[in-house]
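What follows is a group of structures, each given as structure tokens.
Two complexes, one shared chain (chain A), two partners (chain B, chain C).
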Partner chain A sequence: MHMAATPHKVSATGGAGSGSSTIVETLAEFARRRKSFWVVVSLATLFTAWEIAGRVPISFAFPTFLETLAALIEMALDGTLLPAYAITFQPLVIGVAVSAVLGIGLGIAMGLSDKAEWLLAPVFIVLQAAPMAALVPLVTFVYGIGLVAKTLAVIMLALPVIVLNSYKAVRHVNPSLVDMCRSFQGTRLQQISKIIIPDATPVLFAGLRLGIAAGFIGVMLAELLITPTGIGDLITYHRSIANYAHMYAAVASIIAVSTITLAALQYIEVRFLRPEKRRK
Partner chain B sequence: MANPMPARAADQSGTATSDAIVEVRDICKRYGDIEALRGINLEFERGKLTTLLGPSGCGKTTLLKIIAGLVPATSGQIRINGKVVTGPGPERAFVFQDFALMPWATVLRNVGFGLELKGVPQAERHRIAKHYIGEVGLSGFEEKYPHELSGGMRQRVGIARAFSVNADVLLLDEPFSAVDEQNRRKFQEDLLQLVEKERKTFLFVTHSIEEAVYVSDRIVLLSPRPGRVSQIIEPNIDRSAAPDVIRRDKGYLDVVEEIWQGLRQYAE
Partner chain C sequence: MNMLARRMRASAVAAALCLSAAVPGLAFADPMRIAFGDIATVESLHLLAALERAKEKGVDVQVTFLKSEDIAAQAVVSGQADIGIGGPYALLQKVKAPIRIFLQLSKLQFYPVVNTEFYKEWKDLNGQEVAVHSRGSGTEAIMQLMADKNGIAYSNISYVPGAEVRTGALLQGNVKATIVDSSGKRILEKEAPGKFAFLPLGEVAATDEALFANTDYLSKNQKDVEILVESILTTWREVAADPTSAVALREKYKLLPDATPDMVADIDPYFAEAAPALPLNGGGEDAAKDDFDFYTISGALEGNAADLKVEDFWDLTALNAVLAKIGTK
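Take a look at the complex of A and B:
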């Protein structure tokens, strides 16, 4: 605290205009320019709170942040983490891919046609409201404990969100743009490909992000409720041998992977599909 | 200077002059129980700027959209160049109140969009689009996106897009209502120059009396609930004069006053 106060005083008395930048000024300038500064501050606060909570400790089963980080590095180096992800990603990637293609397709069809809406909307509204975790055991009865059952669990969680968002995206397309396309004698196909889908893109992608987040929930439910495999196996195994730092490391890593996946999707959207967003 | 005529002339649909490019015959429009338009008969002369003016709820925008083919009429006919039309066509181009620009496309692509839909090759449509971007005074803004432009500039893009498809009739739906007052005046002056230069037929919807009198060869006053033609006025203003001279002209002010007297009964 004392160290930080000293350069601040210097800058207040003689720093202005002289061009000599102190640590505080540099930091303030950096914070103003880059949003990432606040991201780092936010994460640092969270991890510090975690570390303090672990050291109190609030529970004997709650490791500190540094212990968890050490366990994560250990698992990454001894070759348990990557193979676990390879297994977890199989149902996740297949399930999310199927949900994305099917969900966006069905959602757009529902947005474009009243008949498709009447036929499909009630089903997906019920599915979205249903507590899917309760249905996962049913899937096991029918499809066993293999990849199919786990993929289905992912689809059950991801698909309704993607369908309903895609449907809303198409329904909320600016009607004036559609009129514009009609007034210049655009065909129905041109209307869909050049106006409706581009204008729906932001909401389509918002739905896709929610769907992928739901897919991560689905794959973890599957790996914890059906049979422990992949990351679910790591969590279950380390819990059973009271190896809490490793258990938390597995949990934290799946949260991190999920977050990074969603951020990457947003980047791809802005970078390739929303050219007007790139310019401030 | 002003030469207001009673509405009677408009109701005699039989007196079709050979030079009417747009003919409106017995157009009625109902939205459920609400009668929006009743028995509209109008003719729009080639090369003239006609304004549809009236209080809100008089159906002026509905009538323009029926002429554009964007809204179906409940009964009646629209004829363009003597042919009955039921949908949008290449002889008409529409300018939207809210601009209707694609936010993901540059000014260049927005202006060329009408041509893009018709399958005009890229080089050709860029050439035409650039020409009209220059005409509306937006040269240098080709690669900008709509959100980088002011309201007035966005509507210039909308007008350039309508010009690009080389339609005979331009339908403008309250094009300046989302533009601030100073820019609106400049815009009206520029529009008159474009009307002079492009020799097209303009149908213009507005709720501003001054705007209507300033830009129009002919003003169709509509009365509300249900929308009917109540009066047709030909301002006969000498447009060769400077804009500020026109705005202080006695004839101009008289027509504005006369229209106001006709409309004040509908004001709340």
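Take a look at the complex of A and C:
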């Protein structure tokens, strides 16, 4: 618990003798300049709370943060974590790729054409509202227990989110921009490629990010409900032999990977596709 | 005045409601909450009958069916259930929870099976793939144990949870060598006689399911626990002496009312096969030692089997008291 003390606390106590007001000022200045400071503080608070909860303990089966970290490092070093991710990523990458292409395509079609909307919107609204955890086991009745079934589970979760966001993105394009295009005698094709899609991009990307997050949920559901492989296998196996620190480490690692993936996607979007959003 | 009357009526109704909610709670202040790790099937018929008998003797048994043994074990650890069903050896060793096993219900009964188009005996499985239930499971340990005994090594072990799923995969030809339970064995013999061969299995004696509870609960509710243990042991002995009595027990206590005709037809053959292996003396120290041997090999337990202490895993008080009363068989 003491080891998880936040870095700023260490520096604060270390320099207490030289006058605390300057320390606070430097710290405030540092926090103002580097936004990541608050991310670190937030995580440190979470991990400290976790460590305390583990030491109380709130349950016999709840490991401390440090135990979990040790288990994570152990799994990373003994070569169980990387191969597990290699297996988990197969259905995830295929599923998300299919959902992204198909989802953005269908969503844009639905946004542009009333007929496509009439045909597809109810289906995807129902799919988005459906509790997928209940439907994933049904996939096995048709597609068995292999890669196809797991990829399908990812698509089932990711596709509706991407389709509906793309559809809304196109529907909410600024009408005065479309009017402007018409005033300048733009063709329908120019209207779509030069006005509608660029203006819809932010929401399209938001949909894509939500879709990838849903894809992570889908792949974990598949690995926990269909057959245990990859990270799902690490979770089930360590649970069955009561290695709770390892089990939590596997769960925490997939959360971390999912978060980092989404953060990276946001960075790429802001950095390369939407220069106006970049912080100067 | 009218206002006051209305208020009084409202309070009276509220008080009555509170009382009616509290009274049943008082009447059955201490139910024995048992958590199953699986849904009730034909295979748990004798246990359900034994629970009915314990109820007849005044133990207020409440049964919950949970999704898996792990969850049943967690329910006991967290105090949401009093008694769990499963084989929580790994949990007992690694989590220092005050949980002890107090009665063995069944031993592992599995049958390694191969498709005779491809394999005939253990030696043929050298360098081949086999399917088992899950990593670290009893089925994997049995297959690994037999591989060691026959001096062979598998090329790969795949994990297919559910004996009925593996049975289906075997019939469809997706799996060529695996290990199934007794109902899977009967299905294979019925659906495709002669197509599959069951490989000989050496001496494997390990607990499949046992009853476990918090030590605190065991010491505070000694009488109820003894009634439960006695009901189970006498029912076990009855079924072992006459396997067909299971059907009669189902009718007598109206158990598994939703069972399909197929399930009902499966009762007799299942108990005919299971009866000789039923633990009639509740396991105890000998069973614990067998389990240490087996589960250290399977990986569920760590360390040397000889170094493990029975009292760290079992609480024999209730079992010994009941055996002193009804004798050993």
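Note that the second predicted complex is superposed on the first by the 255 of 280 C-alpha atoms of A that agree within 3 Å, B and C clash if a C-alpha of one lies under 4 Å from a C-alpha of the other, contacts with A are read in each partner's own complex, and residues count from 1 in each chain.
In this section, contacts are C-beta pairs under 8 Å (C-beta built on N, C-alpha and C of every residue); 3 or more make two chains touch, one makes a residue touch a chain.
Being a predicted model, the structure only gives us computed values, none of them experimental.
Using the contact criterion defined above for the overlaid structures, shared-chain residue A:60 touches chain C, although it does not reach chain B.
In the superposition on chain A, A:90 makes contact with neither chain B nor chain C. By the document's definition of touching, neither partner reaches A:80: not chain B, not chain C.
By the document's definition of touching, of the two partners only chain C reaches A:228; chain B does not. By the touch criterion stated above, A:180 is placed in contact with chain B alone, chain C being left untouched. Applying the stated contact rule after C-alpha superposition, one finds that A:243 touches chain C and leaves chain B untouched.
Applying the stated contact rule after C-alpha superposition, one finds that A:145 touches chain C and leaves chain B untouched.
More residues of chain A are in touch with B than with the other of chain B and chain C. The contact surfaces that chain B and chain C form on chain A in the two complexes do not overlap at any residue. Against chain C, the residues of chain A that register as touching in their complex are 59-61, 144-145, 227-229, 233, 236-237, 239-244.
Taken together, the chain C residues at the contact with chain A in this complex read 70, 74, 77-78, 88, 90-91, 93-97, 134-137, 159-161, 165, 174, 299-300. The touching residues of chain B, when paired with chain A in their complex, are 68-70, 87-90, 92-94, 96, 98, 100, 102-104, 113-114, 116-118, 145-148, 165. Considering their complex, residues 174, 176-177, 179-187, 190, 194-195, 198-199, 201, 273-276, 279 of chain A touch chain B.
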